[in-house]
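Chains: A, B and C, in written order; residue numbering restarts at 1 for each.
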Amino acid sequence: MPKVVVRVFLLIASVAFLALPFINSPVLNDLTFRICLLIMVAISWNLMANAGLISLGHSAFWGVGCYATMFAANLFALPLIIGLLFALVAGALIGLIFTLLTARLRGFFFAICTLGLSEGLRVTSLMLPDLTGGAVGMFLNQPIPRLEVFVLAAVGAFLCIVFSAFLTQTRFHFACRGMRNHEGAAQMLGVDPRPYRLAVVGLSAAMTSYAGGLSAIYGAYIDPSIAFDLRVTVQSQIAPIIGGMYTVAGPIIGAFVIVVLADQTRVLFGSSEGISQLIFGIILVLAILFMPKGVVGLWERWTSRRVAGSNTPIQHPLVHPKVTTAERTP
Amino acid sequence: MSALLSIAGLKAGYDDAAVLNGVSLDVDESEVVCLLGANGAGKTTTMAVLSGLISSTGGTITYDGRDLGQLRPHQRVEAGIVLAPEGRKVFPDLTVEENLLLGSFTHRARSMRAQKFSEVYGLFPILAERRGQYAGLMSGGEQQMLALGRALMANPRLLLLDEPSLGLAPKIVLTVFDAIRRIAQSKISILLVEQNAYAALSVASRGYVLRGGVITSHGSANRLRNSAEVQQAFIGRVHHTDANVAVR
Amino acid sequence: MNFIGQALIDAILLGGIYTLMVMGLALSFGVIRIINFMHGEAIMLGAYGAYWAFALYGVDPLLVLPLLMMLGAAAGYVLFKTTIAPVLNAPHENQILLTFGLGLILTNVALILWTGNERSSNPPYTFASLNFGDIVVPVSRLLGFSTAAVLIGAMFIWLKYGELGRASRAIAQDRDAATLMGINVPHMYAFSFGVSTALAVASGAICSFIFAVTPFMGFDMLVKGFAIVILGGVGSVIGAVAGSFLLAFAETAVAYYVPNGNGWSEAVAFGVLFLTLLIRPYGIAGRPAAG
């Protein structure tokens, strides 16, 4: 597709996307809100994954954002946008500290530490009721600023998308990919992984915290198990994986799919605990085993096969039939 | 007469790099054959393909009349093809005795375990002395003897030796090759790959030269020892008497 | 009032139980070199198995334990061959996410089937205890510890003197060399995974009469399990024993001497994990070798 068409399409889509919050339909607003949040979280998870850092504790950052925003709203009676700023800063801070502490860790060790972080924060918030309300939780003591929440969610998602698209054009992106493949090799190429790691985790954490903060205000109530909900962690992985890890469109597609899927599951099976999580687990396993490149990968395979078929020159008869067969195979 | 091992047109490599480009060689029953080559010629690759650790990309390997390609690595050991790999690869945190016990893991070997132990301890008394020592703490020469002993425990019909002289002092090399000579006396077929042509040709009856992934010459040990190619490539001088002295 | 004696006994008994819970994890790390995020679920399923056997048929958990172990071993073997073996050579991300996903599936199947209500099996000895002066020793924990000790001891003997045990140790040290011994390494991988699972299931059966049984107990055990294995040294079986007791002591100390300690003991594992990775990432018995 010619570039101009793509650009016009994107422009229209962006305008439409940002205008959605102003349409007064609670169902639509709720749906797009949740999709926006998941887009941010998925992009955030994907950002870390792209640098070889698998996070099994994204709910840590989400929860930090929840509490930061609640504090700002309740204790300091600050406007929402300032509260979200708190969330961004708090999230980034936690991310940075965490990265400094885990500087020498890779792969699995890093992953298990993220899990430890989310669980540790959950227990901590449970055990400090004077600060966080403990198991009783915190209620939002002002009316929910609905329009603001929706707009900020859409803007946040939009910025995350633009940012992640922008990143792929930069040296930053290639540094991260190098890190993913082999940090040692990246170092040999003159890339010092440390500042990149800090940047990746800090940004990632900030994005997820922002989303968490929004969800806290929208739900008007949080407690440790809601703030540090394992389901956030699960969705943060599934969305980019099913959409296509390491790509820009992947997390977005994945976010749509997951939110819609979760809703349909609730329609079909009621809100019985565990069904949607079970389905997510199955999707995750199947995706890893059979579809490691997600929806984007399928799309790429389909489009490249068509291109290959038409571009391959006539070859030796032994080879040509194989090419044609590949074209025909669905 | 068909050989015990017959390799024809063998091709193999790693990822996109071809290492072997059509290697053919035979080893008969009770024969000691050496495969000479410089670093990177493909000797270890040949051994890896024979043992099953890597697969070939072309050619055939026939062992005892059957196509070896179908057999998985552990099945080849069960069939009597045993590799003592380059660098010894003894199990460092296991004792000498445990290493030897592992050598006789296969069914083929397990039933003859006691007998094999006395054979190996007879051949390498130092292993009997050190049977409780952790293999990782042994010297290079001792580890090589352990590696040989471990291979013998498997009751091999075809013994593959990959660079037994690697990293060893000349005196130790002599000891090791002495042991190889004695092993050869028990009618086991041996395919030996080596950079040290002197040592290899002192135990082998026949040899092949591997260069650039193909066999460039072959013949009896005597012929090879005196051939210009071997002399220049491995020995570096043409003097006949010097070569004999070095081997002794 | 002197807590020390009681705390000591509690810590020792807990340490033994933890050892059984994580031993399978250490084994699969060391031999197969995989990261098994569904290990906790094997514990959970063992616990439910024992619970249902008791609730429906009145069978004592310790009696049904051998049967559960065999079922666990078989299930582990099959599961490994079908779903895990394909990702053995894949990037570590795939292994992490795959086993995490499998764990998620198992947890939620349990949640759907049996709800989130806490359960425990209550054979008669759960209410009994032995008294030594001031010190109270719950019989259930004592039995759990003893069973764990027997199983762990048997495993060590098998590793040291058994043919397959020795082969497992060989594989852990040098996989290619092990192949050259005629060991069928892929088969041994599945077998080791089966053994891992069996040990986890056994510990679950014990847990059924000591701790609360919920679908999430496996996940709760996950951070603890990894903290122990990392503390002890990844791949070291002895290290796993040491790590288990150390964590048990740390948790017990916190529970007794820190105000509200019981609640905080959950976070102890996290602290241990972090400290270990900061100070000595290869653990007590591990080597600062290639990462």
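Worth a mention:
The rule we apply is simple: contacts are C-beta pairs under 8 Å (C-beta built on N, C-alpha and C of every residue); 3 or more make two chains touch, one makes a residue touch a chain.
The shown structure was predicted, so the numbers you read here are calculated from the model rather than taken from an experiment.
Traced through touching neighbours, the fewest hops from chain A to chain C number 1.
The most distant chain from chain C, with centres taken as the mean of CA atoms, is B. Centrality by C-alpha centroid: the chain sitting nearest the overall protein C-alpha mean is C. One finds 32 Å separating the Cα centroids of chain A and chain C. In whole angstrom, the spacing between the mean C-alpha positions of chain A and chain B is 55. Rounded to whole angstrom, the centroid-to-centroid distance between chain B and chain C, based on C-alpha atoms, equals 43 Å.
Chain B meets chain C in the complex at residues 51-53, 72-74, 77-78, 82-83, 85, 89-94, 98, 101-103, 105-106, 108-110, 150, 154.
Residues 35, 37, 83, 86-87, 92-94, 96-98, 100-105, 107-109, 111-112, 115-116, 215, 219, 222-223, 226-227, 230, 260, 263-264, 266-267, 269-271, 273-274, 277-278, 281, 291 of chain C touch chain A in their complex. If you check the complex, the residues on chain A that touch chain C are 49, 52, 54, 56, 101-102, 104-109, 111-113, 115-117, 119-120, 123-124, 126-127, 230, 234, 237, 241, 272-275, 277-278, 280-282, 284-285, 288-289, 292. Interface residues of chain C, counted against chain B in their complex, comprise 163, 166-167, 169-170, 173-174, 176-185.
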